[in-house]
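Note that the chains take the letters A, B, C, D, E and F in the order they are written out, and that residue 1 is the start of every chain.
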Amino acid sequence: MITNKKIKVVTFGEVMMRLSAPGSSRFRQADSFDLCFGGSEANVAAALAGFQIAAEHVTRFPENDWGMRATSFLRELGIQTQHVVYGPQRMGLYFLETGAMVRASRIIYDREDSAFAHITPGMVDWEMVFDDASWFHWTGITPAISAGAASALDEALEVASRKNIIVSADINYRRNLWQYGKSPLQVMPGLIERSNCLVAAVGDIENCTGIRADNFPAACDALEKTFPSVRKVVHTTRRSLSSSHNVMSATLWTRDGITESAEYDLVPIVDRVGTGDAFIAGLIYGWSTGRNDEEALNLGMASCAWKHSVHGDVLFASADEIESLAKGVNVGQLLR
Amino acid sequence: MITNKKIKVVTFGEVMMRLSAPGSSRFRQADSFDLCFGGSEANVAAALAGFQIAAEHVTRFPENDWGMRATSFLRELGIQTQHVVYGPQRMGLYFLETGAMVRASRIIYDREDSAFAHITPGMVDWEMVFDDASWFHWTGITPAISAGAASALDEALEVASRKNIIVSADINYRRNLWQYGKSPLQVMPGLIERSNCLVAAVGDIENCTGIRADNFPAACDALEKTFPSVRKVVHTTRRSLSSSHNVMSATLWTRDGITESAEYDLVPIVDRVGTGDAFIAGLIYGWSTGRNDEEALNLGMASCAWKHSVHGDVLFASADEIESLAKGVNVGQLLR
Amino acid sequence: MITNKKIKVVTFGEVMMRLSAPGSSRFRQADSFDLCFGGSEANVAAALAGFQIAAEHVTRFPENDWGMRATSFLRELGIQTQHVVYGPQRMGLYFLETGAMVRASRIIYDREDSAFAHITPGMVDWEMVFDDASWFHWTGITPAISAGAASALDEALEVASRKNIIVSADINYRRNLWQYGKSPLQVMPGLIERSNCLVAAVGDIENCTGIRADNFPAACDALEKTFPSVRKVVHTTRRSLSSSHNVMSATLWTRDGITESAEYDLVPIVDRVGTGDAFIAGLIYGWSTGRNDEEALNLGMASCAWKHSVHGDVLFASADEIESLAKGVNVGQLLR
Amino acid sequence: MITNKKIKVVTFGEVMMRLSAPGSSRFRQADSFDLCFGGSEANVAAALAGFQIAAEHVTRFPENDWGMRATSFLRELGIQTQHVVYGPQRMGLYFLETGAMVRASRIIYDREDSAFAHITPGMVDWEMVFDDASWFHWTGITPAISAGAASALDEALEVASRKNIIVSADINYRRNLWQYGKSPLQVMPGLIERSNCLVAAVGDIENCTGIRADNFPAACDALEKTFPSVRKVVHTTRRSLSSSHNVMSATLWTRDGITESAEYDLVPIVDRVGTGDAFIAGLIYGWSTGRNDEEALNLGMASCAWKHSVHGDVLFASADEIESLAKGVNVGQLLR
Amino acid sequence: MITNKKIKVVTFGEVMMRLSAPGSSRFRQADSFDLCFGGSEANVAAALAGFQIAAEHVTRFPENDWGMRATSFLRELGIQTQHVVYGPQRMGLYFLETGAMVRASRIIYDREDSAFAHITPGMVDWEMVFDDASWFHWTGITPAISAGAASALDEALEVASRKNIIVSADINYRRNLWQYGKSPLQVMPGLIERSNCLVAAVGDIENCTGIRADNFPAACDALEKTFPSVRKVVHTTRRSLSSSHNVMSATLWTRDGITESAEYDLVPIVDRVGTGDAFIAGLIYGWSTGRNDEEALNLGMASCAWKHSVHGDVLFASADEIESLAKGVNVGQLLR
Amino acid sequence: MITNKKIKVVTFGEVMMRLSAPGSSRFRQADSFDLCFGGSEANVAAALAGFQIAAEHVTRFPENDWGMRATSFLRELGIQTQHVVYGPQRMGLYFLETGAMVRASRIIYDREDSAFAHITPGMVDWEMVFDDASWFHWTGITPAISAGAASALDEALEVASRKNIIVSADINYRRNLWQYGKSPLQVMPGLIERSNCLVAAVGDIENCTGIRADNFPAACDALEKTFPSVRKVVHTTRRSLSSSHNVMSATLWTRDGITESAEYDLVPIVDRVGTGDAFIAGLIYGWSTGRNDEEALNLGMASCAWKHSVHGDVLFASADEIESLAKGVNVGQLLR
């Protein structure tokens, strides 16, 4: 699956301002918000940049301080931003209340009418974007935001597939999006058919393609029949004992069968936002650097586990740290 | 037990300024204190107001900025304050050091000579207070503070029982109070005999009424004989594995027998102050909204469990959140 | 082992400025550092001063604000500082990133060329230092810093042994020190031979003395043969399930055999830096106040366990608190 | 101008979440935002409630945590909220960067499509709102937000004038609003003609009524001819030497001539947001409590000056404090 | 006036916990308090210790964490604490709201019934305290707190005068103290007659001795006649343009006439609490180190001016810094 | 002076970690440090990047988290970092205590033995660095750090002058540097002779070249005779009324005579570190965008004035903001 090209991963999607109540305080208690930025696809780029993999994020920001600030945020993380475009609308926001114990975490989105929601085909020069790229990653959030975003993604996929770039997609279905008049079933199949690696559980597959199956292998088998480009399907399994304690593992399907990752006991969780994105980054890192499926899957899970220990949307780990964790080295030590 | 009257709960007791060392720092380390307000009875009112139950708190505050601030604090929580009275003395304080692991939490009280300790009968117009009330809640702290506070409570109970208002009491015995020359055995029986629902363990029953028994059901049976107004007695059981990890459940006695709640594994605890008050609020909420004893008990325990995840004295939960937790729904999720 | 002299413990070693990233944030995320001071030997003195044991720390600080500030820090903790000396160089620093879950804690040292590294024999008046002392504690860090520090320690030990002061040593081997041209095997034996109580695991014994053995008792037996002054050897055993969860116990060797401490389940850990120093302080406290080996060992482990719950390098516990913990009293309570 | 009715002031307008960069940091530097709430009309109510004047604010909030939180915020300040209505849209936001010295303060609004912008006539029961009211205050911001907000205000004024309630208006013209297709000249005259006291400078009068005049008295004379209900017109004069240093005074027009306030030298300014609202609150307080025009004007300016010393949108002063300042008492003291 | 004895200054008085609202926030806005400790006499000792003058403070603290913490606070500053005594009562508190511009600063005291208020003669071994002392400083606050405190001070003065120790006193009159049944005129003369240097303005002299005079020199002349021990009288003059801007100077009376200090323009003031204490410390430093009256007065004013730039009750300046300021050196520089 | 080349400015010099005590607290009071990065030359690049001028900084960082973090910091500001080199040594630090009123600001440097101090010729590929550059800026700090740094700068200047790049230099003389055995007079002339624009006051000229003159014009005339490449010499004049209040202006010498800038009254100063660097950035911006000397000088002074209002080493202003300030527009406004 690895090409000879120099590795460079392109991601595309909305980046929002994240306003989180400090520590474990409730929205009703907070007198300040911690500020950072995040978005599912940019989180993948950020993790990869932390692994010293070249990563570029494409998005559309408002032409104001927040657009500049978000660009700086990406740049600080080492993400390339040369094809970010700007427009007159607002920055999408989300408010985060971090749960604890029996109390769930909560997100209030305030992302409508954002500069990204107003993106349309033609705004991004995808030919240039993909000029030196080896991998493209998108998620099911983007086509759920607006017709323009769905079309811009379609445009990107057209160029990416023409250039034989590997395409991965996290097709997670967000019920509270998809407000612009189209359903996932109308939009997602056309996007999936040009993708190679999917992050998708049985429910996502059904919501996005209509394929129903009793279990994950069956769903993947059926998926491959309809979308022969899809070679790998992966999903994580999370048991939430509490907001502070989860148990996780991941499963990978290929035509050759099922691979299971190591299981992680995650307690006490610092921040679970972006853990799925970290998982994908670990996978892309593994596959891009020539590991086999099991190795890549375990790098994904190590990356996912690590993210639970870091505040914010972003992984903030080096490749060495993730490699060590995947091998069970240094866990719980005091490294001097 | 539920009357046809519109539900409104009245609570009466001292509210103190709470000065807590930040995070898990020790008193000797703290360079600042987090400020909030709390008091066992007002905490019950606060939780109920959060459930959208009408709640009024009656107390006496100093006539200075802190009395104004504490009033604002109650008002912010949605608690009615129209019968709060004011006087020249000081605001009672307590300092809180939050424990962790093997290290216990500690409270240093500095509440002597407070405006509340100087309350006397005649200061509060209880006829007006109870005009539209359906429930009155008091605790064993109030009669332990001063002769005046005990008499004011006696006055309140006289009016409440005349108006057939349901009366609940948390008769917990605080050794370091009761400094004004009377013992619990001299004061508590006269208050308990006009109460209907008690929060009391075997030791509390003995300390407050002199009734000794081998176990909780036996103590309750004996209690009912002496105090026929008492219909329900409830107590929580807490195993403190560490300051960060407790296991809790609750037991309810009625003439019809014993009901046991679900058990909660609470880890890592954010703040255990006020968890007993949250328990009572859940019970009152359950009974007031027509649930049976088992349902009410489980709403009480859910409320108690939830409070362990929230900083401060106050529950900060909606009725929906507590109902969901009592059903085991949404635990540990990321709600978008 | 206890003399009739009034107890006073002297410690000698470097104290560094500690700059820790707030909470569990990574170095890359921190926008501020929490400031405190610490050093293995001074941490022992600090814990003892907290137990109301007279303790004096001897060190060398820069003649600037940081030297003054560090002196104030020791003084605030109740440590005597009358023999601290000052010089023109810099304050050693260390940066701490506190781990969580699978993520290890990290320390970046920046201690080269510190005022302490430039200490030389003759700078400290050891006769006066040990005038009223009953105990002297040193660690393997000091002789690893510089030739001057090793010589100054040698000088101290010469005076201490002449005055029949009990000498304890934590001979932990730090690979990233020992940069000045000598190896531990050249330096440590001469220091160990004037010491009575050692904190040392099998590996430390081999690194510092060349004695190889299959297990701890065998290593200690061999050690005593070579260094007859050594009467007690102790080491802790730590299983790091994660950065947030460790399990610990301690083992003591004397000629009479092996004593095992109680085991502690430590979760969630607040700060593990200085936990070994707290262990030693508990041991010294126990022995100095006339407890038997098992009691002293358990006071050491209680002290060690407690430190995991406190931010910073210093124990911050009273003798009562540690005595209670060693007896399993008050664990996880809310003390009013 | 003072009626015999018990004083109660009603205000109507949008309340936004205010997210301010801490201290004097720039938007590009901030890693957190301080959270409070504010809005021109609610700020007037808040100041009056602080003076112990009954005040009620009418607005429309989103039906989510932020709507609840904003309601609590008003309640905490002592503002009545019983006629607040709720709807499905978002909370309007504004971001504040506080200037210093030569650097200007900046606001980025993000208030489009808010719950308030979606208010329409019929949502508020104005008959009940004005049942016990003596004064109604509105501003030129409300009719600039949306056609619905303009109509709802029109509806309110219709009821208020029918009930002979005194009406004040701050007709300040905000260029970046008025985006819904109407111009001020189409909307404002109909609102002004039912108002009695205006805060308006020469430019505002021109923008809102088309009346051009060379100076303030001439503009007011002309204004009164067209809008005979208008009895008092007032405006403040601010010289901004820097963001930290302003000099202010106020001028009042009535048929009887011009009154000038004392001048205040304001340095160093803590927060100038809401200072105009504090001015109005001081005026309403003065007039409502029977002071003559000069006294009321000076209470307005004292209130305005005081607000410059307080962080947030709200005045946070007692009537006594403002009365003292208007008399020049206690300025710069340390009151024990 | 300077003796040949080694300089050591003893101070005696209450130390309170200071809880200050952060920055310039009002009491009603604060969600936390900054914690420090302070007291007029201990502030003098703290400043002197900062000048490397031996200083000991005598007081009585509660036997709890706050008493320990306050002792540590003094020790950290380099103040000797060996004669501090402890008792069962509470720690006195004061709350500070820092003013800005036109808004005054405010203090709410909560010091009644403190451990210090319960001090009585015989508790302190004054013979030992004054064994190596050259100077004793007291203030008019101490005899105003309680009969016991007044008597303990009387006892101290008896010993101090017997030992020919120089005695200074800041006889400032605090109206809200003196609640224990005696008036200043009954108590102060007996204390003043054993003192040598007074800080006192015309009003203080009248309140404390009954001597009325038209101006400061006349009052001092009369004072000396009644109290021949008094050799120097000094007072500061403060013009408060605002809370942020004061202009100050000082005047010294001796039999030889009047000396005026330099005048300081103080803007923007950081914290004016303790500025009078810093003034006295500068004076004592000057006189104790052999300066003439004018030099000492200017060191006092420099010290006073400097304190306005430092948060908390304590000066935090070196002798070099104050000497430089008195000479006008380094003002406003960036010292590298 | 402006070439036709696209503008790109290269800067070269050390970047240090800046640890500043929060607000106006003294080093002795600080319990935390605010973290940022800064260095005279990089500050110039940062300001230019903020003006949207392409800017690249060349330096040498340690190969650890701090080197990575500092690189991210530059990248976040929009500075190009592709020629930064890395090595095994430490990150230079400086501690900043911000003064207030009469109290001076203080810096404690801890920069010895940094990775930058170990730079040597050959480490940087200057041919590539200057490939697309139009301007090179250096300061007198770099040749003062180490022989290697001086040689590396010499190497850079050799390439820059060969490529006809405009060279500016701030030849400020830092007494506490120059510790490596050479004097400024041995090193600076060789560097100045390849520079075109100097920031230098009379004293700097004397210290760096030996040229003595009575006044600035005379010194510049003499300078030009010796160093004919020097076309423009500029210096700022600062009157420090206090740490909070400075008055500043600038003077420019060319062969055509003297130009004076506007004068700025700077109060209350937020942070004066880096104000000289901001001045230079404004000058370079002005000259690079084709303004005449007076315009450029006023852009420099506006930039310098603005920096006084911003915390940290970096200007954080847009070109528009500086242009407006130079024209006196928007000063002290609230921009919505």
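Criterion: a contact is a pair of C-beta atoms (placed from the backbone, for glycine too) under 8 Å apart; a residue touches a chain by one contact, two chains touch by 3 or more.
Just so we're clear, the structure is a prediction, and the values are computed from it rather than from any experiment.
Chain centres computed from CA atoms place C at the largest separation from chain D.
Comparing the residue numbers each copy contributes, chain E and chain F share less than half of them at their mutual interface. Ranking D-E and C-F by contacting C-beta pairs places D-E first. Chain D has its Cα centroid 63 Å from the Cα centroid of chain C. Between the Cα centres of chain B and chain E there is a gap of 45 Å. As a whole-number value, the distance joining the C-alpha centres of chain C and chain E reads 41 Å.
Residue positions of chain A touching 2 or more other chains, listed in rising order: 28, 31, 72, 268.
Shown here, the protein chains touch in an arrangement that is not a line, ring, star or fully connected set. Contact between chains, per the stated criterion, is found for A-B, A-C, A-D, A-F, B-C, B-D, B-E, C-E, C-F, D-E, D-F, E-F.
Residues of chain D touching chain E in their complex: 264, 266-270, 302, 305-306, 308-312, 316-317, 321, 325, 330-336. Of all residues in chain D, only 72-73, 75-78 touch chain B in the complex they form.
Partner chain C is touched in their complex by these residues of chain F: 19, 22, 27-28, 30-36, 64-66, 68-69, 72, 90-91, 93, 108, 110, 112-113.
Across the complex, chain B meets chain C through its residues 23-26, 28-29, 99-107, 109, 174, 176, 240-246, 268, 272-273.
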